[in-house]
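The same chain A turns up in both complexes below, where it pairs with chain B and then with chain C.
Right after this comes the complex of A and B.
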């Protein structure tokens, strides 16, 4: 049994949990298990999933980022304001602005973290407050509701890549959000698995000193990680406003912890170096299903916080409990009797799997 | 004579006014196994870093194959054929064996896209080159230390290394594993690869090296063919003084008394069984055995950290229960742990904090608060008694040298006024000069009536200091050597290391 398999196991456990939970909901409320509801769920969680992937990358590199929701809202709110001020009604323009803001703010994080070598938690705590304060002071605090939003945003929110018809003739379908998420997953997977930067992220998370010594450009890689997280936050910002059809600079901020929780729940080691995208996705699904559907079980939505917390604590007990037990076993058996035949559990592991 | 394949000339390097290296020279021939030896702080590591391109020398040059390569970056040093295996091995626990081995190659190729097939092939070839077999897909974090080392060496091999520098390569290996490592070094030698082996373990140095260069205080104080040196001479050159190791003489006077400690049939499943021995006042009892033989477990068990399943412990004739360290201390037992940095010290805290931590209760004033004057006096008293070299006891422990740190650990436990002091690896990672001081302290303690149990990998240390030796193998006492004067290091070494085959036969 090794760490990787354990995480695999954790992913499977999570998946089973999601399935059991979904079955429960379906029994109580058959409306849950419809294609329409599934599409809705995907539309509602794609943005969070993209943000989670950014956080996943940061965690993988041994850091932590609590500023991503602020960056997303900053990108979004600035994009909408610029669009309205300039009278531009184009979704690509919205993305361009939001992503530029995202990358810039990500780069500011990166400068503190990689150039000045400061601890990531403190830096992102600081910058998230700094970014948010600046946003509220210099851009505004006004909520822009549906009526005033650029039309392109609302159309984008309704755009479907697959359209189906209900019995009564009205239409429903799979949102373009899902496609964006899939593209982000594929892109990130390719980066992690097939580029030296991606391998460098794993290497830094595993042993930063060693990464430096073997010749990885650690600063560059960290710069990339935080800019990429900012890039994803920028994308998410636009998706978020298209989803809820209202731009308010107070939204999103404060939800970063539950996204980090989703990533950690998905098996990403908080100390870096270990984790997979598939795990991250399952973590996000679990948190979203919990968030959206406790009401269907007849529980008040306050229970959501409670259950998310409970699952995280249990998840940690399972992963880390197993790890420390394994360590103890190894110590006692290795030290006890056979020095020569130290346990070399040659098990079938996948080659640095990302997915 | 032809130009040596690798040499450094006249290298000096200062750090903020302190001369770490003072005009040192070193030459290594092609395929030579060369050893660099010196006390802690003698400049070995600095020289390695200069060769590896991490530090720029103030003066002097590094030549390889006749080319001057000073002022290069780490990556250029690698390209020139120099590979450094650091003590911590620089492996990635979260990556597979294949990726760990090939990572330099991948980076060196300059390609931005990862070719997984090439990674596996490189790794397979590197392992084959040194005649090793490790599952390529295993995570390195799951492997024992010795295997990690092989991975670090394989990695060096992928880069067509001409010179491999191993910094304290054997510090966490068992004797068996060290032998294996040496066989790999010899294999590399056949391929014309030179090795610079940095160590301060004499036994290993004499076994593997062809030539020895000795550093002291940043200067090269000698370079000799290994055959011209013996350990006495080497330690004299290294320390600049004649360190003679006379043996501890136990004046057989206390055997009739009730022993300080009697252990009867102490057993713990999978760790040790039927351990029985007695320890008298003034004795230094050595416990030797391979790593994993159960010797450390016995020690921790006596100190209440690893409760035995059955058996009896008697302190001064009275049966006692020892369930935790507090009870051990109350019964006059102290343990100096094997892992000084991890278990023995709070490195960031002050010397005085470290010393008094075991006796805080006795420092309480009537108010229930710690009496600061008493605390300071106690700490200063111990610092003086053990000759801890520091301007003030309020300095952080990590500012001290290894030998002085170990004295702080000793002080901390001596402050509890133990009758029985168990020392697990008392001089691990300590240079020879400080070692001698620590041995002297230990002997004085024994002479004053303390009973000492010394566990060590170093045969010579055990022989010099112990009047009686227990040989542990697979959790059992297989032999007791009552008169250490009648045995020499070679015999004892044989007994310890060959016990396995002897038992099996």
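Right after this comes the complex of A and C.
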């Protein structure tokens, strides 16, 4: 692949944008470009990245999922409550509970979407309202603060896989969160690249009818996608409580749209079939850097929402925008003549553009 | 459209059942003039947003930015109104200026959405996801995150007054619903919108200017959100960016509950209005019964999902019955034939 083609790829454009933005921040505030700040950034965004991978898979299959944050908070809050009620102080136990809650709730999504074949946006809107209402009504609304959290959770939050020393002798390091994220990325990449289910996700996102005729088990694949998204949300739930050291069932819910935005900015098509994990990761980095560091550029935090919105609008214009009228007319008439124009996106499956 | 009529009838029955239950269970609290008046002034700001959502959905789109548009309009209007007190401008002029400003801002917002969707071919859900942040962000920037309050006293007429016992917001909602009804059922615009929602390509080759129609749709959607913002700030006598964010999902819920097809091409205005009434009745009823808002949230999720399943299976059952009836008639004819 030569350089010209490389620049045309959306991930690369995005990466260049992130780099320019980071350079700007570094020039204005040199504190940004330290290893410590980078580690902090990775620790803070690993959870969001894992959730984003779940949403990425859903988008890839041609759906949309607005319930993932609710599932994450449900897994987290139930896990913490069970741990405290049973007096268990073990991080694996927390993950086990949170992940099982995540998979079960994901399976409920999957029943409506894959078996009953209902529209994904409306279903996940409904289930997120259902899950969150049930969580608040039947499990509780009490916020559990740092003092009452099981010790294992707090230790997990502080655990580092790489420890470095500051000039004054105190320590900092790379959090275990980063390792979990890397494992999730590798696992997802392997699934997408080497399994029939993974190839099927691209295929049904590109053209569901064609995928079905080729022999992909559409229902089974969708079931897998939503359960896997629930599984990832379960992992993220525990990471989130360890990160902020407080479990509140009202947290996280409401941030799903900005995570979807990050995935879409990373080049994943909302109509499905096209998208890469690396793009998703860059999208998450972009949104996180933007949200956390506008203040370093001297802009008050009030501008944050505006700029994130602006970036999303610009991003979608670049991805979908077709400013020249002539080209668009050609496109739509081509579509009218040849109804299977979606094959275009389906054919990208073969290129192996997973990462 | 017998299906639409069936669905409206089902919703009407549901409304009557809920109203009767509440009246019997809580005669002294529910069926009072004050409660009815308060309900009739509570739902219009939400109802207008729901109507807006339905219009977007009929064209096969969705507008996630309606609450943000209402916020931006509300902030601009609140800014003008509160500044007018300090500058000693006559209240009537200030209110007029605020209404004009809301119209201008909402039309601009609608044009931006429409241009992104129709001219640049950005999927509606993404375009409005982005502009949502843009509009709400702008509202936050204007206010610096604080709320704006104290408006001229005369302005509270919009949200709080009763004329002949009927709350003004209710009248505004009724007028807006009639206009939307006329647009949908009696105008070229409404016909074109439905056709675009049903089949984009066919409408294009039927000589419909898709681009123009879609831009117009999102402008109308934004104007409805702007009107909602006037009621919002008048009722609260203040404006804080972020107000009413929970409305967004409820509008989608009511639209689908009322029989709007999220894929476009079919919308049932009566169904949606009944849906809005049902939502308000249930909310007030559960409120009076002091049932927690969380349980209400749970019930809404369940209602939306069951409505989806019913909507999915009802047409199939109706079709199945038709087929059976036809087969039955055929068989009878066979029997009757030889005689």
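Quick note on the criterion: the second predicted complex is superposed on the first by the 318 of 355 C-alpha atoms of A that agree within 3 Å, B and C clash if a C-alpha of one lies under 4 Å from a C-alpha of the other, contacts with A are read in each partner's own complex, and residues count from 1 in each chain.
Everything below uses one rule, namely that contacts are C-beta pairs under 8 Å (C-beta built on N, C-alpha and C of every residue); 3 or more make two chains touch, one makes a residue touch a chain.
Note that this is a predicted model, so its numbers are computed, not measured.
> In the superposed arrangement, which partner chain does A:305 touch: chain B (first), chain C (second), both, or neither?
Only chain C; A:305 stays clear of chain B.
> So in the superposed three-chain picture, is A:274 touching just chain B, just chain C, both, or none of them (first/second/both/neither)?
Once the two structures are laid over each other on A, A:274 reaches chain B alone.
> Just chain B (first), just chain C (second), both, or neither: which does A:199 touch?
The answer is first: A:199 touches chain B but not chain C.
> A:125 contacts which: chain B (first), chain C (second), both, neither?
second
> Please indicate which partner A:209 is in contact with in the superposed arrangement: first for chain B, second for chain C, both, or neither.
A:209 sits against chain B, while chain C stays out of touch.
> Looking at A:226 after the superposition, I want to know if it touches chain B, chain C, both of them or none. Which is it: first, second, both, neither?
After superposition on chain A, A:226 lies in contact with neither partner.
> Name the residues of chain A shared by its contacts with chain B and its contacts with chain C.
Correct list for chain A: 332, 335-336.
> Quick one: which bits of chain A touch chain C in the complex? Just the residue numbers, please.
Within the complex, chain A contacts chain C at residues 64, 112, 116-119, 121-123, 125-134, 136-137, 141, 254, 257-258, 260-261, 264, 270-271, 300, 302-310, 312-313, 315-317, 320-323, 328, 332, 335-336.
> Applying the document's contact rule, which stretches of chain A touch chain B when the two form their complex?
By the definition above, chain A touches chain B via 2-4, 193-199, 202-203, 205-207, 209-211, 213-216, 269, 273-274, 332-340, 342-352.
> What part of chain C is in contact with chain A in the complex they form?
62, 64, 116, 120-123, 125-127, 129-138, 140-141, 144-145, 201, 204-205, 245, 249, 252-253, 256, 262-263, 292, 294-302, 304-305, 308-309, 312
> Over in the complex, which chain B residues touch chain A? Could you list them?
Residues of chain B touching chain A: 74-75, 78, 86, 88-96, 98-99, 103-104, 106-108, 111-114, 116, 119-120, 135-139, 141-144, 146-147, 155, 174, 176, 270-271, 290-294, 296-297, 474-475, 500.
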